[in-house]
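Scroll down for the structure; my scribbles are underneath it.
Every chain is named by a letter (A, B, C and D) in the order it is written, and numbering of its residues begins at 1.
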Amino acid sequence: MEKRMYKVGILGATGTVGQRMISLLDNHPWFTVTALAASENSAGKTYAEACAWQLDTPMPSWAAKMTVVKCEPGLACDLVLSGLDNAVAGEIEDAFASAGYAVVSNAKNHRMEDDVPLVIPEVNPEHLAVINRQRKNRGWAKGFIVTNPNCSTVGLVCALKPLADAFGLRKVAVTTMQAISGAGYPGVPSLDILDNVIPYIGGEEEKIQTETQKLLGIFDGERFAPSSTVVSAQCNRVQVRDGHLECVSVELEKPATRERIISVWRSFVPTAAALHLPSLPVPFISYHEEDNRPQPRRDREAGRGMTIGIGRLRECPVLGWKFVVLSHNTIRGAAGAAIADAELLAAKGVL
Amino acid sequence: MEKRMYKVGILGATGTVGQRMISLLDNHPWFTVTALAASENSAGKTYAEACAWQLDTPMPSWAAKMTVVKCEPGLACDLVLSGLDNAVAGEIEDAFASAGYAVVSNAKNHRMEDDVPLVIPEVNPEHLAVINRQRKNRGWAKGFIVTNPNCSTVGLVCALKPLADAFGLRKVAVTTMQAISGAGYPGVPSLDILDNVIPYIGGEEEKIQTETQKLLGIFDGERFAPSSTVVSAQCNRVQVRDGHLECVSVELEKPATRERIISVWRSFVPTAAALHLPSLPVPFISYHEEDNRPQPRRDREAGRGMTIGIGRLRECPVLGWKFVVLSHNTIRGAAGAAIADAELLAAKGVL
Amino acid sequence: MEKRMYKVGILGATGTVGQRMISLLDNHPWFTVTALAASENSAGKTYAEACAWQLDTPMPSWAAKMTVVKCEPGLACDLVLSGLDNAVAGEIEDAFASAGYAVVSNAKNHRMEDDVPLVIPEVNPEHLAVINRQRKNRGWAKGFIVTNPNCSTVGLVCALKPLADAFGLRKVAVTTMQAISGAGYPGVPSLDILDNVIPYIGGEEEKIQTETQKLLGIFDGERFAPSSTVVSAQCNRVQVRDGHLECVSVELEKPATRERIISVWRSFVPTAAALHLPSLPVPFISYHEEDNRPQPRRDREAGRGMTIGIGRLRECPVLGWKFVVLSHNTIRGAAGAAIADAELLAAKGVL
Amino acid sequence: MEKRMYKVGILGATGTVGQRMISLLDNHPWFTVTALAASENSAGKTYAEACAWQLDTPMPSWAAKMTVVKCEPGLACDLVLSGLDNAVAGEIEDAFASAGYAVVSNAKNHRMEDDVPLVIPEVNPEHLAVINRQRKNRGWAKGFIVTNPNCSTVGLVCALKPLADAFGLRKVAVTTMQAISGAGYPGVPSLDILDNVIPYIGGEEEKIQTETQKLLGIFDGERFAPSSTVVSAQCNRVQVRDGHLECVSVELEKPATRERIISVWRSFVPTAAALHLPSLPVPFISYHEEDNRPQPRRDREAGRGMTIGIGRLRECPVLGWKFVVLSHNTIRGAAGAAIADAELLAAKGVL
């Protein structure tokens, strides 16, 4: 485990993911925020002036006083966390990696590229090995890009990983009920979601399907072999602020019992646990015994938003087993995911 | 088609289903409400006094003036519609059927009994043939009981019926997002559902599984053979007033194409259509081309709440096909369902 | 009363107010919509293509097929209803009036000008007399502009008018709880209003204060003398789709009793009632006896959204009397208000 | 200031106020919870079994293990905090006071009695002097009853106190928008409040009017002289979980300016501040400069739910000045209010 403090820059600092990154990095034991970067409109202003703060906890005073700069290499930091919008993330992140920065991105742009690791520390930390190949491919001496998954993929894959390890995993069918904060700000108009459900989120179902296979797949030193698990997703937007709830059915390769599956979840120890990353929660997975849990409002904050909630495991007449998964979409599914990846890089000495 | 007016009594008239029955029977071309029955607390009061009216349309003035009576045989009517709570429905409905009344019930108590028809007019009107057997079994000379399905079953089965007829239907996995009105009044506490989803509705998943098989099954003149279709349901309560939205995946027996399936839905003509029942909507099924429809708030009132909305048909990597279904839970899924069954009885001369 | 059909154009036809105008004009006995005008982006498309329809009732088929044109004079119609945004309404409306069109506008731009009538048919139809002066001032031979009030002003003034006539009205303090549809679409972000109240609506309090005085004031043939009633407003946005609820306290000039005030409301017959305008509701005012009414969801549709709901009249220790008012903000407070004004113009022979 | 630990019992421990008391007393520096009392149904069970925990933070483990007892004297504690329902609070609290316990109650039953102090530590700590008289009147040797105000009164009076001291206060008109948690659990049915506002809360307006006058009044050693300030309240229920927002207009006795009023709020130092009560927040009052603040969701947690948020001070044409007040109804307005009163008793040596 690393002891020294790393200097961190945040790209897209005024957006909703950037705000959450700042909030989570307040008093972080390994990372000090030394640069806040955003669009040209914001550059030159103090962060307090530039940012329409959305969180219920106050803006940290150290952030409020910082002057926002443009998203261009030249920041005084070791690594950058990118909460940039997809529309601009690709090029800016390339520019930073090319200039020698370690880049950890929440954006979708690079996730599925064949030399870019898509990582959840508890699930596939070994995928970081592709970084050397990435540098060689792209001619980057020092910089590189690491990505975290889409908000609706994270909770699902965290629940699936122990099952895949213990029983093998053939098929997954998932229906999501996703929080409005997943669409950013201003995001979902209130007239669209009051007294309503929207049975569509553009691109979301494809992300769940492809990202899950990459995360559960193997990097053999040369290339990624995606998992052969077949995944089907149906995505809905519901009137919840934070917390994506997902109804999952799975077909396992080996026989299982209810007790055994719950035990597998509860006793799963990620290899990354040995690294004592500050953001990794204890427990990683919380299995709820009550019939009607987990629920977004009541359970999303568990483990400071990083614990995965699971409940309602029961037999599924169609695929074998079914259950419910909850994860906090803007912490475990976005800002906290990127920070955890950055911690993993620090602990493994990649920074 | 019958021309004469039938006299109708409503059991549980002050409850939410009873209120909706009264509203839907206002100016009904075949039925006149001649008796409103409820608990002892309400008996003797005018309906206006006894009832905490929940609908947005005003209480019909003819109903307001009627005196509520007890739920005991002796009502001046040809048939009774039962919106009674499960806790009391079973015995009271038996008493009415035994006393010679035709009973059409929205309660779950008798639905799965082997000599009781569970009917959606567009799906399985031929199941009414079991009535004779029911009378014989129970020693009822004239009375009988017919039931309509649970609110979350109706929309699903209406979408499945054309598929089952055209392609055969092996497996169904459904995740529901159900409206709060499905829990009656006072029902779901606001503290439970604001900014939340509740991933559990007691008994609901079992009802969907067993009722679907009965509805899609065959009555061979002797007994019901439930459909062999395997059904798995996951049920959730969301913050929507009316309208159950369901994400469905299906495995068909025969090959299909997207165009063919949509065409099968759009061109499905129920045999009951020939009877011109006043409550049957045109169209029976409305397929939405937009990516993000049907939605509860925007589409639940189609066909005065009786049209089934379907959308988002696409391939499912796990089961073959997936789509979204919407139905109005207190009209198509409860009060309107019972009235449609009563109309079917009238049109078929069973009354 | 006029019998012939008038040709009506709608400016801003694709916006939320324009949509509601189209919906309310479906099958209107006096008006036929002959032109739909909107921004350059929409011009040339069919209305079905150009418009993201927000209402729960379907888009009328005649509108769907019409080709949207630009907001420039040359439309084939007798009068134009303007649902334009404030940012562009002023100039466009001037251009139409200057070109000879009768313009009835829901926009705020011209409301407070000294030669423009701000009219609610039931409150101050005599203010239309200023039109001649307006034409003279502006050098317009035939065209003119009439405006309807802001959505939060209408309900208040309709409740105040009978009190002002019967008792005299010294002071009014009002706190509003306004629906999200009042902010248009996309309007209020869901992240701002879920589990929240926003105690501020830009410019709204000033509009209530000044418009109320103009509406209750006198046009003496030369100029407007605003009412001397002192008005203070506090405006809030709440999570309600449609229906502005307002808590009002008033100081009257003459003594009153609760019975007398309710009687004054219930028996108020607007002079415009004699004109039988199709949009004017019966009753104009509905006084609710229940402690907890009117409520937005349950009472906003009364009189097809045009009836004013009042309730909870009781003594106010500070000002004398207090009560609650409800009006449908997009019907009575916007599209329906403009249509009613247009009907008034037709009935009075001003068109 | 007291250093020793006091033993505290909680009456109504399983209710929503009792739950919040337990949560706020977790790790309290002065108080240790030694008894949890509730109805006969709960008595004998562990708290974890007896209680349907509603808060988002987990039930403290020390509480989970405690055995719930009946609400009868005999508890091992120095004082009892009562979160009992009004239906039973009166008699039970009398029994405890009569048996020698200090009772601090959130219930309304004793609040307006002439020998019972109704206290907010920052507003009227001197009212505790009536305790001696109370004991004499009631023949209680050691026990006594102290009460905290209604949830909607607290925020208002905290905002008014500095104004009353600095300028004198003639009249107050307040319209409240109150959170659903104020109605307890199950409380407000979701069907009543979704897409709605309920313009009525039984008894609430009277409480605000009378309690405000008592809190701002004088205890002269013999009796309470209520403040002559005239108060008028209109109360509404809105779809917010926690946080009562209030729109207030006031008539002051002396001239004031905006700057002066804001300064009076910001610089107000309660006499109780010298006692360093653990629950009193810093700042007591937070004045928000933004146009659209305070808001329930974004500002209710300030000062761990004990800071009063004020904003939007501006001139009121009717009464002189108007502004918005926010307070957390279940913390500052209920459980936290009782605990603060208990701390005041401890610090003043009354326990």
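Here, a contact is a pair of C-beta atoms (placed from the backbone, for glycine too) under 8 Å apart; a residue touches a chain by one contact, two chains touch by 3 or more.
No experiment lies behind these values; they were computed from the predicted model shown.
Colleague: Which chains make contact with subunit A and with subunit D at once?
Modeller: The common neighbours are B, C.
Colleague: If you tally contacting C-beta pairs, which pair wins, B-D or B-C?
Modeller: B-D
Colleague: Determine the centre-to-centre distance between subunit A and subunit B, using the mean Cα coordinates as centres, and give it in whole Å.
Modeller: Measuring from centre to centre gives 42 Å for this pair.
Colleague: Cα centroid separation between subunit B and subunit D, in whole Å?
Modeller: Inter-chain centre distance comes to 48 Å.
Colleague: From the C-alpha centre of subunit B to that of subunit C, how far is it in Å?
Modeller: The answer is 41 Å.
Colleague: At least two other chains touched by the same residue of subunit C: list those residues.
Modeller: Answer for subunit C, listing residues that touch two or more other chains: 194-195, 239, 241, 297-298.
Colleague: Would you mind writing out the residues of subunit B in touch with subunit D in their complex?
Modeller: Contact set of subunit B toward subunit D: 54, 180-181, 185-195, 239, 241.
Colleague: Which residues of subunit D touch subunit C in the complex?
Modeller: 171-173, 175, 177, 194-200, 202, 209, 230-232, 234, 236, 238-241, 245, 247, 249, 291-298, 311-312, 316-319, 322, 324
Colleague: Please output the residues of subunit B touching subunit C within their complex, sorted ascending.
Modeller: 56-57, 194-195, 297-298, 301
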